[in-house]
């Protein structure tokens, strides 16, 4: 569902807008590298496809039907960069041409539905399909898992944004549970449809599935000395340039690990005082402790004020901490890199 | 999960609003939406001013209220959610007609409803007075990345073609007795979805070939230029400026 | 190989020994030779799968031949001449929806010349002239999907005419047209003063519009002559899976 105006406050809407703009900008460059001068028409047609397939009614049970979000599907069919662009364009068109989704909520909507689902879907797909020997089955199973994880993850990010700047006074754990619960179910439906759709494309034109590049059997030459297999270059509409690994896999992987550690594992950390605290207590100079200025802040004590459940409170604080660190660190990194590039050019 | 309202909202006309350059209208609509979201929820007067402003724009643009109301149906899912908030919200509770409701929850529901509605109406007025092609040209003028605008252009152009194909596939399925009852029919639909993707992709390749045949070298040629004068920018700026002023005043009073 | 009509002997298109195989190895063209002089209207006939569309895609460099040459008004098709070749060869595909990809008719017709660097009043003039020649001037500001199929066909021709080509190459121009649209298109093509190469299954259409025909079969030009004589040769037609429509007799149609 598209978030309307007023659901998030101004700072979160603006912040999400910045994230969305940055994400889209990166994907524009990446997509152009891969598709070159075919980018505009190909991505446009795929965007039209996504728009159409989102309207397909998939029956669930008597009377109810579900709809595809399409982020993970797009990432597996045309690659993550193009997928983000296509879904983002669909959202922009829906917002400006069909009044679907708030204009101030475009940042949030693009972040949740274009960036998170596509990138998380692609990351899970890569992990899943690489851990098994390359085959069509691996691609299909990978698609299932990718879509399955992408939807609840998007709901989790929504919950995090809601905690940061949602305008409704609802118990955060209720939001998390409701969103999470519903979206796990939706994720199941999405996973099934995604896997089936990828499978049907694989059956007819496997060369069009980005996630299945390199699956084609190598050509065989019959020479005087017998049969020789030829190393086939990547099949597909275009031979992509030798992909630079780039920081993305590490960023994604590291980000996921950090979130897991901060959000879940941290709860099991020892509650015994750390080195400095223990020494301060033993030596007696902890009497000079003064309360921190931000002691009553929302994240004080590595907990989220207002969230009763300890585990959830700690976990969310951890996730928030990781998020803030990544944003600030990233901003610094990019500023410094930009400066260096400018200096290099000058 | 969008309900898919793909009927174009544009209503042809020759009013001062229609004649404004699209980049001005885009900024005006966004500015208005930002002002609305920044308005404190207790400021009834400010929201009243916003409604009045939109009504004036609609009147000048000769957009029939029925069109706007019909289109506001898009809002329904969030209206339902907003209505539920007072029941499940936290904080001080009050009695309304014998039902216990959360006071902050009521405020929050009002906040979301008011702002979402104003936002939707502003979007509707924007789409109703701006031709899709002009909207894209305006976006380009506003320095939105050219590639993004081009992708949107192709998407809009082929949206109806792909939707038509999907519709024909559905008719073909139903003509052969297919009824989508439950999850066991999903594979059939997925096969249609897969076929739709392949056709869309192959068409994209053919379009690219057609572009090459007419001399395309990677850069879309500049065909139209769309300058906007100071006067036009000022005219368009009236809406967001008034809304913003109202919001600022309201914030200072609260 | 007849030199052609009385419009002089300037050669619009010269193909020599063209051979091509698809990426999967299947060879499609086994040495095609043909010459078309300026002002001629020539039909390219042949059964399904003969390689007609493949041949046509060599004419503006979309496909690169494995062997042989293509020259358009003397200019050979090469990587460095593609821009000029694509101006000279106006290719109209079978599906107009693939060719009308801009938001309005006007912008579609302007796309080609704009890519060649034409701007401003000049561009306007070309667009207006091209649309006028196909009788679609009133539709200039409409989006392509609001036009009927026949109208889109005509606009597709205009998009190519605007580039002022040396030779107009049409792929199945009469397919899916109702009889009235077919006639309208035929009128337009007859009144154009460009060289025309028309790939078609529609033998009566070929007879009506083209005084000369080529038959492409099994990857080579199997026959080349006056359309009337080719269509009257039943054995020739049968040998290449060509059939006249029920009840159509070429001799009954005066030229």
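A few comments on the model shown:
First chain written, first letter: the chains are A, B and C, and each begins at residue 1.
We take it that a contact is a pair of C-beta atoms (placed from the backbone, for glycine too) under 8 Å apart; a residue touches a chain by one contact, two chains touch by 3 or more.
All figures in this text were calculated on a predicted structure; none of them were measured in a lab.
Looking at the partners of chain B and chain C together, they share no chain. A centroid comparison over C-alpha atoms places C as the chain most distant from chain B.
More C-beta pairs touch across the A-B interface than across any other pair of chains.
Centre-to-centre separation between chain B and chain C, using Cα means, comes to 43 Å. Centre-to-centre, using mean CA coordinates, chain A is 48 Å away from chain C. Per-chain CA centroids place chain A at a distance of 24 Å from chain B. Taken residue by residue, chain C touches two or more other chains at 101, whereas all remaining positions touch fewer. Along chain A, residues 41 each make contact with two or more other chains. Listed for chain B are residues 132, 153-154, 156-158, 161, 203, 207, 211, 216-217, each touching two or more other chains.
Chain contact summary for the complex, chain B toward chain C: residues 132-133, 136, 153-154, 156-158, 160-161, 203, 206-207, 209-217, 221-224. Interface of chain C with chain B (complex): residues 57, 60, 62, 83, 86-87, 89, 91, 93, 95, 97-99, 101-104, 107, 110-112, 114-116, 119, 123, 143-145, 159-160, 163. Contact residues of chain A toward chain B in the complex are 1-2, 4-7, 9-10, 13, 24-25, 28, 31-32, 36-49, 51-62, 65-69, 77, 85-86, 88-90, 92-100, 102-104, 167-171, 174, 192-193, 196-201, 203-205, 208, 237.
Across the interface of their complex, chain A is touched by residues 1-2, 4-6, 8-9, 26, 29-30, 33-34, 36-38, 41, 71, 74-75, 77-78, 85, 88-91, 102, 104-105, 108-109, 111-116, 118-120, 122-124, 126-127, 132, 135, 145, 147-148, 150-159, 161-163, 165-166, 180-183, 185-187, 189-198, 200-201, 203-205, 207-208, 211, 216-218, 220 of chain B.
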